[in-house]
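The following blocks contain the structures, represented as structure tokens.
The two complexes that follow have chain A in common; it is paired with chain B in the first and with chain C in the second.
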Partner chain A sequence: MKQWLKLALLAVAGCSLVWPVWRIARALPPFGEPTGNYGPEVNRLGPPLRHISNMVSAVNFDFRGIDTLGEEFMLLAAVTGTVLLLRGIRGEDTSAAPDIIAGRALAGRAESTTVICRLLGPLTVLFGLYMAAHATVTPGGGFQGGVVIASGFLLLYLGEDYSAWRELIRSHIVAALEGGGALLFALAGFLPLAEGHAYMENTLPLGDFKDVFSGGLMLVENVGVAFAVAAGFTMLFLEFMEETRSLEGDGDK
Partner chain B sequence: MSVLPWLVAAWLFGAGIYGIVSSRNFVHLIGCLSVCQSSTYLLLLGIGYRWGGVVPVFYDHPPGTKAVDPVVQALVLTDIVVGATVTALLLAMAVQVDRKYRELDPQKLRPMRHEGHQ
Partner chain C sequence: MNILLALLFLLAAGAGTGVVLTRDPRRQIFAIAANGLVLTVLFFALQAPDVALSELAVGTAATPLLFLVTLAAVRRNRARQ
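Moving on, here comes the complex of A and B:
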């Protein structure tokens, strides 16, 4: 399609949307004064009903837990798709020399980079674990903590070279954590069924308000999410890094 | 000033859409899609904001303090994480397109045909 035609279509689409979007925008409550009751009700009922102080986690893992289960499986599907697309063609052979591309100089690392990454990498992972563990108390949770943990692993890559990192990060363990996390989340929902309650009904002891071990079933689901997110992002990075390896029979050397 | 969040969201969305339509490279196109996506984060967070509201975490503030809407925050939170993995999936597709056709310009790629007519 010609470039001008595309832009013309975009302009037509944009112009035809101006009026409906304007109508909707006029009907929105003014900024800073939402009229919906759902959010304020969650804020009001969350602490007494679930004994937890982080309402974002309460929404994610309890009040709208099934939504998050869906999100969790979207994450799993996206990671699986990426792995299939990249590894499916490349194969599972890991014997080729990593980090080397024909025609690109192999850059070394400054010692300062290695030192800083060795210090910061484990600390970042620790901070991620802290964030993930305090999901029900302070800002944080499995999604945020998982991403921070995965970025800690990336720092380890930055400090060491790829082959050392490849030795540390085992693809099958990461894959097991990724799938296992999603499975844990899904299975946690079945626990209440055994006692005759609804799926994902929070029947575990709720613990004390402001305590790390508060929230009942949310804690289990949160661990599942933390595993799945941390492993998912590590897996993605691993697969994209594997793309830089020069494999025999790749056909483009 | 209270229309500024909506204006920024609309601007981000418009800039992203323009980038997608005029893109000459799939990697750039995927980046533009992420820009579009961030406009939805801003829109959602803007809808949930309350003047003078605190974060919906009642650790330092006692329960009952006026707080912003936690539901949209939870939506944005999961969306950011899932969006990042979907971006990775799209990039993996771009890698495959490049491997097969040696071409990343969406305007030069022809529609898919049956194997053998290529």
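Moving on, here comes the complex of A and C:
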């Protein structure tokens, strides 16, 4: 296509958009104004009904808990698919060394990096656990805590090296945590069924407002999500990093 | 809308444009991470701390790492051929 024709097409498209965009922009509600009743209602009903102060968790794990269960299994399916695609015939051998591209200079780690990562890595994991455990009280929850835990493990990789990280992260343990977390979430829903209530109905004791052990069933589901997400992301990191390992002597394993 | 939010929106637009205009893949990954950081601050300023935490961990740590490792694997495979 000729250059002038492209520009003409762009001009026509741009001009025809001006009027509709202007109309829509004029009809939008003012910035920051709540448009629905759902948010304010959840804020009003959450504390008396569920004894928790983080309404995002109330929506995710209670009012719309079944949606989160679906998302949990989407994550499980996505991680499983990635592992299937990437692992291939590689197996679970942990002894392989990282590959080195010929001719590229290899700078070692600074000692300060190792020290900082050894300090910050465990602290980050601890913070992730804290965040996941306080899902019903403060912002954050199973997903956020889980991802923070996984990034804490990454700091250990940054501070040590590939081989040490590979020794530390065992894929069968990570896989068991990933599946076990999702299973815990799904099974937590059956608990009320045994007592004659609906699936995932919050029948456990709700605890005190602003206490860690508040929210009843939400806390159990949250622990499941935290395990599944932390293990799922660690699994992804592991399988991706395995792609960079040396292929020497890999033939018939 | 206050001045802080206006600045953050401009910053987000700038960071997003930066990702598009960066042509070298390795630099682009860091541009993505920077964009994630800007979005984190924006979400936080918009009083969505839960989303901000997710964006911080996924957008500035997990996604860039996966891209970096993929790039390393691609380069390794090219070097072998």
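Methods note: the second predicted complex is superposed on the first by the 201 of 253 C-alpha atoms of A that agree within 3 Å, B and C clash if a C-alpha of one lies under 4 Å from a C-alpha of the other, contacts with A are read in each partner's own complex, and residues count from 1 in each chain.
Just so we're on the same page, contacts are C-beta pairs under 8 Å (C-beta built on N, C-alpha and C of every residue); 3 or more make two chains touch, one makes a residue touch a chain.
This is a predicted model, so every value here is computed, not measured.
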Quiz prompt | Clash or fit, chain B versus chain C on superposed chain A | solution = fit
Quiz item: Comparing chain C with chain B, which touches more residues belonging to chain A?
Solution: B
Quiz item: Regarding the shared-chain residue A:243, is it in contact with chain B (first), chain C (second), both, or neither?
Solution: both
Exercise. Return first, second, both or neither, reflecting whether A:191 touches chain B, chain C, both chains, or no partner chain.
Key: neither
Practice problem: Considering only touches as defined above, state whether A:233 meets chain B (first), chain C (second), both or neither. | Solution: both
Practice problem: Quick one: classify A:32 as touching chain B (first), chain C (second), both or neither. | Solution: both
Quiz prompt | chain B versus chain C as contact partner of A:58, first or second or both or neither | solution = first
Practice problem: Quick one: classify A:212 as touching chain B (first), chain C (second), both or neither. | Solution: neither
Exercise. Please indicate which partner A:148 is in contact with in the superposed arrangement: first for chain B, second for chain C, both, or neither.
Key: second
Practice problem: Once the structures are superposed on A, label A:131 by its partner contacts, choosing first (chain B), second (chain C), both or neither. | Solution: second
Practice problem: Identify the partner contact of A:3: answer first if only chain B is touched, second if only chain C is, both if each is, neither if none is. | Solution: first
Self-check item: Gap in Å between nearest CA atoms once chain C and chain B share a frame through chain A
Solution: 5
Quiz prompt | Touching both chain B and chain C, residues of chain A | solution = 31-32, 54, 56, 139, 141, 143-144, 147, 233, 236, 240, 243
Quiz item: Once bound in the complex, which stretches of chain B touch chain A?
Solution: 2-3, 5-6, 14, 17-18, 21-22, 46-51, 55-59, 63-64, 67-74, 77-82, 84-86, 88-89, 91-93, 95-96, 99, 107
Self-check item: Touch list for chain A against partner chain B, complex
Solution: 1, 3, 6-7, 9-10, 14, 25, 28, 30-34, 36, 38-40, 42-44, 46-48, 53-56, 58-60, 64, 67-68, 71, 74-75, 78-79, 81-82, 85-86, 89, 137-139, 141, 143-144, 146-147, 210, 229, 232-233, 236, 239-240, 243, 252
Self-check item: Residues of chain C that touch chain A when the two form their complex
Solution: 1, 49-50, 53-54, 57-58, 61-62, 65-66, 69-70, 72-73, 75-76, 79
Practice problem: Note which residues of chain A are touching chain C in the complex, please. | Solution: 31-32, 54, 56, 99, 101-102, 131, 139-141, 143-144, 147-148, 150-151, 154, 233, 236-237, 240-241, 243-244
